[in-house]
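Below, chain A partners chain B and then partners chain C, in two separate complexes.
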Partner chain A sequence: MKPVSVLNGNLLRHWRRWAPVVVLLALCILISLFNGNFLTFGNFIRLLNSAAIPIVLCMGATFIILMGSIDLSIEGVVALTAVIVSLLVLNDISPYAISLWAVPIAVAVGGLMGLLNGILHVKLKTPSFMTTLGVGFAGVGIATTILGGATIRISDQTFRFLSLGRVFYIPMAVWIAAAAVAVAYVIQERTRLGRWLYAIGTDEMTARHAGIPIERTRILIFGVAGLFYGMGGVLAAAQFGQGHALISQGRLFTTITAVVVGGTALSGGVGSVINSVVGVFIVVVLANGLVLMGVEPYVQQGVQGLLIIAAVALALDRSRLDVVK
Partner chain B sequence: MASNKTDIVNSRLNRRTVLKGAAALGVFGSSFPMPAIAQETTWTLANSMRSVANPYHASFAKGGEDFAKSIGAKYETLATEGNSEKGVSDIRALLQRTGGKLILNVDPNDSPDARVIVEEVKKAGGFVVTQWNKPDDLHPWDFDPNYVAHMSFDGVPTAEAIANELFKAFGGEGGIVALGGILSNVPAIERKLGLDNAIAKTNGKVTLLDFQPADWNEQKAFDITQAWLTRFGDQVKGVFAANDGMGMGALEALRQNGLAGKVPVVGIDGIDAAVTAIEAGEFAGTVAWDPIWTGGMGLAIPYAHATGKIDITKEPREHREFYGTGIIVSKDTVADYKNNPPKVDYNDLWGKATGQIQYRS
Partner chain C sequence: MMQPVLEVRNVSKSFPGVKALDNVSFHINKGEVVGLIGENGAGKSSLLKVLNGIYQPDEGKVLVDGREITITSPRHAFDSGIAMVFQEQSILPTLTVAENIFLGREEEFLRYGLISKSRMNAAAAEELKKVHLSIHPAMRCADLSFADRQMIEIAKALSLDSRIKTDVTILLDEPTSVLEQKEIELLFRIISDLKQRASIVFISHRLEEVLEISDRVYVMRDGQIVQELAAKNATVKELHQHMVGRQLHHEYYREARQATPSAKTVLECVDLNKDGAFSNISFELHEGEVLGIAGVIGSGREDLARCLAGHTSPGGGRLLIDGTAVHFGAAYDATAKGVGLVPSERKVEGLVAPFSVAENMTLAALPKFVSGGIISFSSEKAVAADWVSRLKIKTPSTATSAGSLSGGNQQKVVLAKWRIAGVRVLILDHPTRGIDVGSKEDVYELVRDMTAEGLAVILLGDTLDEVIGLSNRILVMRDGEITARFEAPPGGKPTQVELVRHMV
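Right, the complex of A and B next:
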């Protein structure tokens, strides 16, 4: 009897690894049965376009969640960096117009906000939940104060190319998102930082005994996540051609949902940035599909909620979780 | 602007009890003899609103200031910062300081606040006009003469008018898609009703391909519009958005697909970005509210009563609870709108009023 159960366990674990991909494929098949337009090239590009910014944000959020922490500052960082980048490119409010040079500045501001998250969280020993919530509020607050409720209009076409431009028929934002995935994957797989964050997320005490510099790793990872959010802010500004304090509304929920639906455990240590890419596509395809299938708006949110719970239930490997909180 | 407000209005009924408690404390406090500080001999004017951080309320405050300047009166701006308790206690303090010689034009933070404010002002002998938010069963004529009037904007005819601008922009025949606000919001419901009316009056020439609530959110509007382009393709002749923010999201989705300027979009609120998009031929129109007018007229009407120019208790009900006029900004009128911002004539008290407020629920 014993060998059979071991085999079953392995099979189950193997299947769970692929569960998010299976869910995604099943969704695609289901939607295309209802509406043939789903499988057209045009819609494929639109899906990529909708997925680009969430993917960039998820790269940062996945790292944090792998570490067993949570980051609620996403909307604040995105709002602030979007406003900063909008003020630095050609616009109707400020005179700077430094075009693409604004991008590294905004990304760096994102990184600094992330470092601030990390330092406050580690040095003050405050839970990441509260620390990042506070930093996030501060971000939206600063963005509001800078603008006093106004909206900046971006007229810099070079900057807007970051979203509107097409290279080999694929929107520029998608190429940038792909690059973000590549960078995140290399950090996760090929750097000590990447290995360490799994160790911390799995069991912090063991990691500490193994001599991993826990505090430094945590701070750095929050900093790296901030860089990704900064890039997300840049892309949001480029996509809408404007910057305002409310540009990031709703981003936090989508990002965390996508990470979890992709199979990364909120308890830390389990998952990967590639999972999160699949997670983003599940969320984006679902939203697109519900409109394509003509599901009543009143019903949509319910369906969305149920399917997300189903996806998480299928994808999450609970065999190693003793307690589910 | 109104859109964001009402979802808060709907969600906090228990605040009323808290505020009633606060009001009771106020009664207790004022039963003490008034301090014998020098009382104001002339009226003090004040506008109270959420914050000057958003363009709508900044203009609302400016309207009040303009009117006060025109009559040489003292003027103050009170900001609630989204906090009902702060809003009420600031007003109470100002009533105290002016010895009741206060004319107040208030956009209450939350509907139940209006009742507390009106009661306080009546007790002190001042005059008050409320904007947008008040309980349905609170009427100016029940607090004669101190509760002078309530002003609001009607989403139904506004949405109908802007929908007609959209139909005109694509030749009046074909399918449209529509983005709505949060399903339970009063402005969202009114604007949807207005759109439905406009479509019904085309006798089938214009059809509503799909309606989706995008919750006043630009990003959601972007994603939904993208999905529509897949589902309906070139059947989409126009996009109706219940506010300009969602309209901008839809416009950017169209731009990604090379359709900006080819498929017209309309919105409501009159934000700068929408006005610019009208000039660029990408938006077919928007509705600009007139916060300078509401900001000034909400003081001018009670001032006219206080100085004996009119007797508000003898005015008909459509002068006590009335809608203001939204200004339709379209391709034809945008240049005029930008060059000649709407003027306010403080002697024409109800010139821009468009009928008595209706309670639809």
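Right, the complex of A and C next:
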């Protein structure tokens, strides 16, 4: 009797752990049945390329969500850092042309906005939901104001190489995203910050009792997430060759969807940056597949919306929840 | 005389309305096992929280190795050589065994800022060996049994031993309540081993165990240490006596007004059971009766109460209201059948604190105040005002937010809510917890009023005294089962010692 129930419990847990991968594989098989173009090298590169920026953004967002918080400032940070980096490389509006030196500056701005998120959230004890929403809106606002509604055209080819250049057939943006995953994975697995964010996301009181500096950890994690968003802004500018606040549109939803679909729990403590990479591919493959199958863009959005709800419903062990807010 | 490893001198700690610790002095010598016993609410947990840095004492001092220290946090206590093994576990299920053991203390394994997992796992394996636990340090704690996690918690405490210079004191808060007999024996062997390296404070409701493992025993009651005795010569019966202490005051509980229940059964349980909570529960509850349920934390009486109120579903057995079998899928169903629960967590579960007195009172019976989909404020207000005067609730108005009232008045609002909803069975879970003495008497008066009107009450008292004083009949529960039943007519009440014997 007993071993069976134990086995079932393990199977269920393992299924939950591997569900995102199964979903991704099933999607790939399904789409390739409908459309032979899906399984081509060209399409594979296209998939990787469209996954690059979401993956970089997801690295930051995953940390925040693992900690049990939420970050809605993604679009604001991406908009502002994209505009700043565009103004600092060779362009048609501003006289600065410091080329690649602009990258660390923009990333640092992202980090500072993240720190601002963290400091406001922790020191004013405001929910991360509200704080990051506010900082995000401020970011978009500032980005729009700087340009007064205009669009910057980037003519710096060295800078654009960051996205468009190819090394071994693979776009540079993909290599950068891979590096971001590696960095995030090391932070998650091998640093105290990574260990502590899991502890905080699981049970903040226990973490506090163990002597973990909760406030500092929270602020730093928001800062680290900001760095990733900053890099995301840089890549977006490099990809489109433009600086504009609208460059960030829709990225918040994609990022959070990917994190959740990948199996990281919104309640914190469960998940991984690797899960989010899988999550990004689910979202990207689905979008790609819908395009290949000729589905209308608005219907695509609807499908994404349903996807996130389905993922949350599947991921949560709701039998243990008394109250759902 | 030998210098105590850990000493508490004249420590007091008060909370609004309660003196949790009253001039407590306590010490433990190197290599000693000290038992700490007392009823729920006697002050054991408060004392532990002071030693663990969660509470700061109002008066008195704590000394480690003869030096006075102010323990500021559990981590600080840990670094000072005081490790606590919590009753409600502090193992994080999402982390691995090794990660849990060294949580917050990863510095030791850092190289160039990165944690060496292999070294951490090796060190954890060492600690696991000390508690004879053969599990892999890289296993996720979610995949382990409750007992294994408890042992990991102990391993975590022991990891201090090789890492600090001062002597280690380990506080074990009810470590055996979740362990099987074999594991308890193992734990006791480990404790014996440990005596060479550490001192141990052992808290348990199982008095035989306390006597078996301890050198000395402290008995607490009402926030004070009332007795200190050598375990060698003590008996379980003696410990019971000291735990219980005081005598009953008949007047206090309005015994003269104790109603004689009618023969009519309102609620009946037949072999009610729920996995891991309670089993074989059968009893009848009559109109106008107060049925007391006595038991320590973990006896299953809280689970039973929640189940009867529809908050959880039983695993098996039958529940009958007026002789008809009912099934409660949610508290809503129970309310519809006339069963209400006054929960012990008043501020969280009993009241919607920001709501007004009137809004709280009508919450469970809102349909009565609605016509055409609109809540009638005037009838709501009228009914609320009526109950405010009937229960003598001290509130500026019915529009005052309930959260701003005193504990006793809040409790009356909760009682009024169920009266308005027209319940016939009211389950009172620690109805007088955290309220002052005067208000307690008001609540007792109200219980008598209700039974006089034919309501049936199930009482999980805050103290044994209260259960004995208020009840017509008493059930004693231990480990999820009913272990004894007592009739408790005025003048013929069982003593606390008689009840305690069946509780622990």
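We adopt the following convention: the second predicted complex is superposed on the first by the 294 of 325 C-alpha atoms of A that agree within 3 Å, B and C clash if a C-alpha of one lies under 4 Å from a C-alpha of the other, contacts with A are read in each partner's own complex, and residues count from 1 in each chain.
As a convention for this text, a residue touches a chain if its C-beta (ideal position, glycine included) is under 8 Å from a C-beta of that chain, and two chains touch if they have at least 3 such contacts.
What you see is a predicted model, and the numbers here were worked out from it, not measured in a lab.
Colleague: Sticking to the clash and touch definitions up top, decide whether chain B and chain C on chain A clash or fit.
Modeller: Fit - chain B and chain C, as placed by superposing on chain A, sit side by side.
Colleague: With the C-alpha centre of chain A at the apex, what angle separates the C-alpha centres of chain B and chain C, reported to the nearest 10°?
Modeller: After superposition on chain A, the angle is 120 degrees.
Colleague: Regarding the shared-chain residue A:A199, is it in contact with chain B (first), chain C (second), both, or neither?
Modeller: Once the two structures are laid over each other on A, A:A199 reaches chain C alone.
Colleague: Touching A:L164, do we find chain B (first), chain C (second), both, or neither?
Modeller: Touch status of A:L164: first partner only.
Colleague: Which partner does A:A210 reach: the first (chain B), the second (chain C), both, or neither?
Modeller: After superposition on chain A, A:A210 lies in contact with chain C alone.
Colleague: With both structures placed on chain A, which of the two partners, chain B or chain C, ends up touching more residues of chain A?
Modeller: B
Colleague: Once the shared chain is lined up, is A:R46 touching chain B (first), chain C (second), both, or neither of them?
Modeller: The first partner, chain B, only.
Colleague: Please indicate which partner A:R251 is in contact with in the superposed arrangement: first for chain B, second for chain C, both, or neither.
Modeller: first
Colleague: Between chain B and chain C, what minimal C-alpha to C-alpha distance in angstrom results from the superposition?
Modeller: After superposing on chain A, chain B and chain C come no closer than 24 Å at C-alpha.
Colleague: Report the residues of chain B in contact with chain A in the complex, numbered from low to high.
Modeller: Within the complex, chain B touches chain A at residues 51-55, 57-58, 183, 210-213, 215, 217-220, 222-224, 226-231, 233, 245, 248-249, 252, 255-257, 271-273, 276.
Colleague: Spell out the residues on chain A that touch chain C in their complex, using ranges where they run on.
Modeller: Touching chain C from chain A are residues 10, 13, 186, 189-192, 195-196, 198-199, 201-203, 206-212, 269-270.
Colleague: Give the list of chain C residues in touch with chain A in this complex.
Modeller: 54, 73-76, 78-79, 90, 92-95, 99, 103-107, 110, 113-115, 117, 142-143
Colleague: Please give the residue numbers of chain A that touch chain B in the complex, ascending.
Modeller: My answer: residues 35, 37-38, 40, 42-43, 46, 49-50, 144, 148-151, 153, 163-164, 171, 239-242, 246-247, 249-251, 284, 287-288, 291-292, 294, 297-298.
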